[in-house]
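Listed next: structures, encoded as structure tokens.
In what comes next, chain A is part of two complexes: it sits with chain B in the first one and with chain C in the second one.
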Partner chain A sequence: MHHAHIDKFAYQDSPVHRLDARVKFIVMVIFMAFVISLPPNSVVILSLYAIGPFAVLVSGRIPLRFVFKQIIIVSPFILVLALSCPFYDRTPVSVSFGPLSWQITAGWLRCCNILAKFTVTMMCIIALVSTTRFTNLLEGLGKLGIPKILTAQLGLLYRYIFVVIDKAQHMLLSRRARSSNYLGFRNELKTASAMIGSLFIRSIDTAENISIAMQGRGFNQKWRSLSQMHTGWADYLFIVLSAIYILALELFAKPVLT
Partner chain B sequence: MTSAIEIKDYSYAYADGTAALKDISLIIEHGQKVVLIGPNGAGKSTLLLAMAGFVKGTGKIFVDGIEVNKKNNKKIRGLIGCCVENPEDQLFMPTIYEDVAFGPLNLRLEKDEVKARTRQALETVGLWSLADKPPHHLSAGQKRAAAIATILSMKPGIITLDEPTSSLDPTCRNKILRIIRELPQTIIVATCDMNFAAEFAEHAVLIDNGQKTAEGEPQKIMAEEQLMTSHGLEVPWKYRKSI
Partner chain C sequence: MHMANELLSVPVAGATLTIAGGALAFITRRARKIIDADKLALMGILGAFVFAAQMVNFRLPAMPGTSGHLVGSVLLSIVLGPTLGAIVISSVIIIQCLIFQDGGLLALGCNIINMGIIPCYAGYYIFKTIKAESWQNTRTYVAVIIACVVSLEIGAALVPIEAAMSGVLLVPMSTFLVTMLGVHAIAGTIEGIVTAAVLGYLLQVRPDIIGDSLHGKIRLSKPAVIASLSIFTVITAAGLSLLASGMPDGLEWSYAERPDQSDFETTIANESTVIPKVDAFQEKFSLMPDYTVRSSKLGQTAQLEYEPAAAWTSMAGLIGAFLTMGFIWLFAQIIRKRSNSKPNPDTIAA
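Up next is the complex of A and B:
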């Protein structure tokens, strides 16, 4: 079965794709920290903050349709959180944008702020994972001091999540092929629990076989890897441009809403 | 000179007491291409695991003259490359390249040597151009070839393969056959694909119900219809009498 991978554009080639994963990761974390720390009345200047990740996405030739689709997929939780704001904070605030000015509640302002920050930070994350192979990202995290055991776990998770999804999809297909009618809530629940149990047992089997395959190749609880990372002039240029961009926003982009 | 594998009266039972292997004795010489044939649940895979020291039964197994036991596990796994049945289990690293490099890295070889071995193994199975791909981007045949490359990069003297042709179309099956037939190592394949076994083997061992039932030249064993059908197998096309 084929899956829509979130990193399916990470295998393209572009100047952004060729940047060191560590550099991209560090710049993204710093940039996101600045975005998150903006005050609630910074809705409009968040659009200036969106230019950075937007530029990375465009130069990495990542389709914007894909980007917005991913944002929508993960948005329900944030939407619930954001849309609850107008209900608990009804303090009136005056909003002005150029010659226009009007009054809304602080709850609505907070709601817009959460959604805008969510969109910008999601663009950052998608820009990172769509221009960096997951393996390079893991290697970069390892080089940045994240314990090897944790990056190895993430590597195994990335490797086997698709295998487990495949198994689950095959089971669902097999169940659909044999049940044309709704069997009632209790029976459906019983079937679902049996399927989850079966998936769990199969996962244990898989884990045992992986363990055999690892030990068969001399694994002795210590992860070793071939490092292929190097930082070049393009990485330093990216760091300098990112620093100028973030500092310029911090110094000159002041909230225009009051 | 020692044999590649020597098994003396080896028995193994699962935790619930079910006998998986009963008094198996077997000698495999260096460079031999051997098939373990038998129906599903005969004990072929368990025997392969026993050779690499993954299951512990009674009796003795020697790999290149070294007894398989806990003390010698490290040495044994340097001598014998064990490829499990499902390539999804064999390929556990995020990319094919890293997977093939995993074994040589654990042998603590120099990085240049690891890179050279990885490239050579991937070229042998025709997957060098896909080295940076994650395993879930490969076809079933490519995954199987990559699983074999993970063993080749360790350069073991003996290779065991469990059902290497399961779920493969004829083209992929023939490719795997071509790859492993050309390898200089001792190769032991557990399979119930009789046509593959007939094409590959120089020596055949029939196992059923945990026991060695017959052993000898492939034609002698596999051409005997009565023997094959009584053990849930079939005579391969190669040995069928023309109608």
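Up next is the complex of A and C:
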């Protein structure tokens, strides 16, 4: 069956991919906090904040079409909330941009701000996830102090997510093949709950098999991984560059543009 | 219901991340006592199951074109117990954030609280209190539905509360709250019906899973249940009182100045000089200062006050940013072409 291998680009190789997962994670979180803390009526400055994640995405060879498609897929909830802003704040503001100047309401300004922030932070998280293998990210998070049970559980979840989704897709396909029209809510519900229930049972059986296999191979609560985390000169360079970038935005761009 | 970063301010995001992290650390520490390789695999697979179950959709009556699906938090906490259920659902939310980019990374704390920890614990305890002894009794299934509705509603009510504390949204909190509660009342009922149906199916096919024999369940004594329920009530009440006093914008609107009507007379005048000082102090140090357009300079100036310099700066900023990104892209393309034109050692080996 086909399904979206959403983090397939994490398995490429590039200077950004080779950076330490911990470094990337911490830098991204700090950067996102700076983006979120921008005042709610700034719009233009966010385009400067977009340069950083954009550079990471491009140097990680992530196709931009994939990035924007991903942003659009997850946007509906935030889109509704952002578009409700113009209805609640109708304070007229005159906006001037270069030689042009026109009147809009403050609500539209905030709408644009929320959407721009959304785009920038989404670029950030996509840049992080699609340049870092999930196993490495988990190991980095474990080194940063996330409980071992949680990282091991996340690792297993990630490992089996596509296996179980595959099963579900097989079931969905066979349901589609066998039902031509709407059967009424009662029957639809009966079918769906039977599907979910049997998926549940199959999942539990799979888990039993897996744990028997794990114990058969001597699993003793310790998660081992081949990758060795180390911070090299490239990581320090990345930290310094991002620090300069964030500080420059804070000190020079923010006073002028907000 | 996944919150995005943009709806939160940094203090609220930090606080919720701390709370969620602390709660998860506490839960995992408790879980560590009963967990071995068995349950580790079980939890992982059930997390994957939640994803797959969300793909199984079904058409809803009365609303053509819409379809519902299961969230699964109450189902898991009934079968596994709230502790393991909360771990599984939280890790599902983390994966949704990291792999599927659904919900912001800084909003992860909020999402784990709203959709993971609260629905699992609340749902489990509500179910526990209402249910009848046997699974043949209809009351048990009613308990499942009520547990789903209430736990989803509490989680949904937290979303506008967190957004209002951050002060990012302009939507009045009451409107947002009513919308969220309305939508999730429907969603919760559907979730409840499906959960009850799935539990009924499991009871027919594999009664051992339902019948408390699935190892790794943490049992709680009755006093613990009552204590948690009362803590829960206090939290909900606190949230509701926040709603009552939350946004006095109607009042503020009626007595203060109205920017859209310049001839509007303010009905309250206070000559005291202390008030502006306190206001200025508050503005300086408050985490979420009132939204002001007039003092901003991003090319958007106050009414009729035209600031050409700022307008040109903003235009230069925007154009500069996009030029830079275009330059980076071109540069990368050129480098890529060059490295592609070199013979690739892998292809030669193949």
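FYI, the second predicted complex is superposed on the first by the 244 of 258 C-alpha atoms of A that agree within 3 Å, B and C clash if a C-alpha of one lies under 4 Å from a C-alpha of the other, contacts with A are read in each partner's own complex, and residues count from 1 in each chain.
Operating definition for what follows: contacts are C-beta pairs under 8 Å (C-beta built on N, C-alpha and C of every residue); 3 or more make two chains touch, one makes a residue touch a chain.
Values in this document were obtained by computation on a predicted structure and should not be read as measured data.
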Chain B versus chain C as contact partner of A:190, first or second or both or neither: second
First, second, both or neither for A:85, with chain B first and chain C second: second
Touched partner set for A:225, first chain B, second chain C, both or neither: first
Chain touching more of chain A, residue-wise (chain B, chain C): C
Partner chain(s) touched by A:156 [first = chain B, second = chain C, both, neither]: both
Touched partner set for A:216, first chain B, second chain C, both or neither: first
Which superposed partner A:110 touches (first chain B, second chain C, both, neither): second
Partner chain in contact with A:72 - chain B first, chain C second, else both or neither: neither
Chain B versus chain C as contact partner of A:206, first or second or both or neither: both
Chain B versus chain C as contact partner of A:135, first or second or both or neither: first
Overlap of the chain B and chain C footprints on chain A, listed as residue numbers: 134, 155-156, 158-160, 163, 206, 210, 214-215, 219
Partner chain A, residues of chain C touching it in the complex: 1-2, 4-10, 13, 24-25, 28-29, 31-32, 35-38, 40-49, 51-53, 55-61, 70, 75, 87-88, 90-92, 94-95, 97-102, 104-106, 168-172, 193-194, 197-198, 200-202, 205-206, 209, 214, 259-260, 291, 293, 296-304, 306-308, 310-315, 317-318, 320-322, 324-325, 328-329, 332, 336
Residues of chain B that touch chain A when the two form their complex: 49, 52, 54, 74, 77-78, 81-82, 84-86, 88-95, 98, 101-103, 105-108, 111, 114-115, 132, 134-136, 150-151, 154
Chain A - residues contacting chain C, complex: 6-7, 28-29, 32-33, 35-37, 39-45, 47-48, 50-51, 54-55, 58-59, 61, 64, 70-71, 74, 77-78, 81-82, 84-85, 88-98, 101, 106-107, 109-110, 114, 117-118, 121-122, 124-126, 129, 134, 137, 147, 149-150, 152-161, 163-165, 167-169, 171-172, 182, 184-185, 188-201, 203-204, 206-208, 210-211, 214-215, 219, 221, 253, 256-258
Chain A residues within the chain B interface of the complex: 3, 11, 133-135, 138, 155-156, 158-160, 162-163, 206, 209-210, 212-220, 224-226
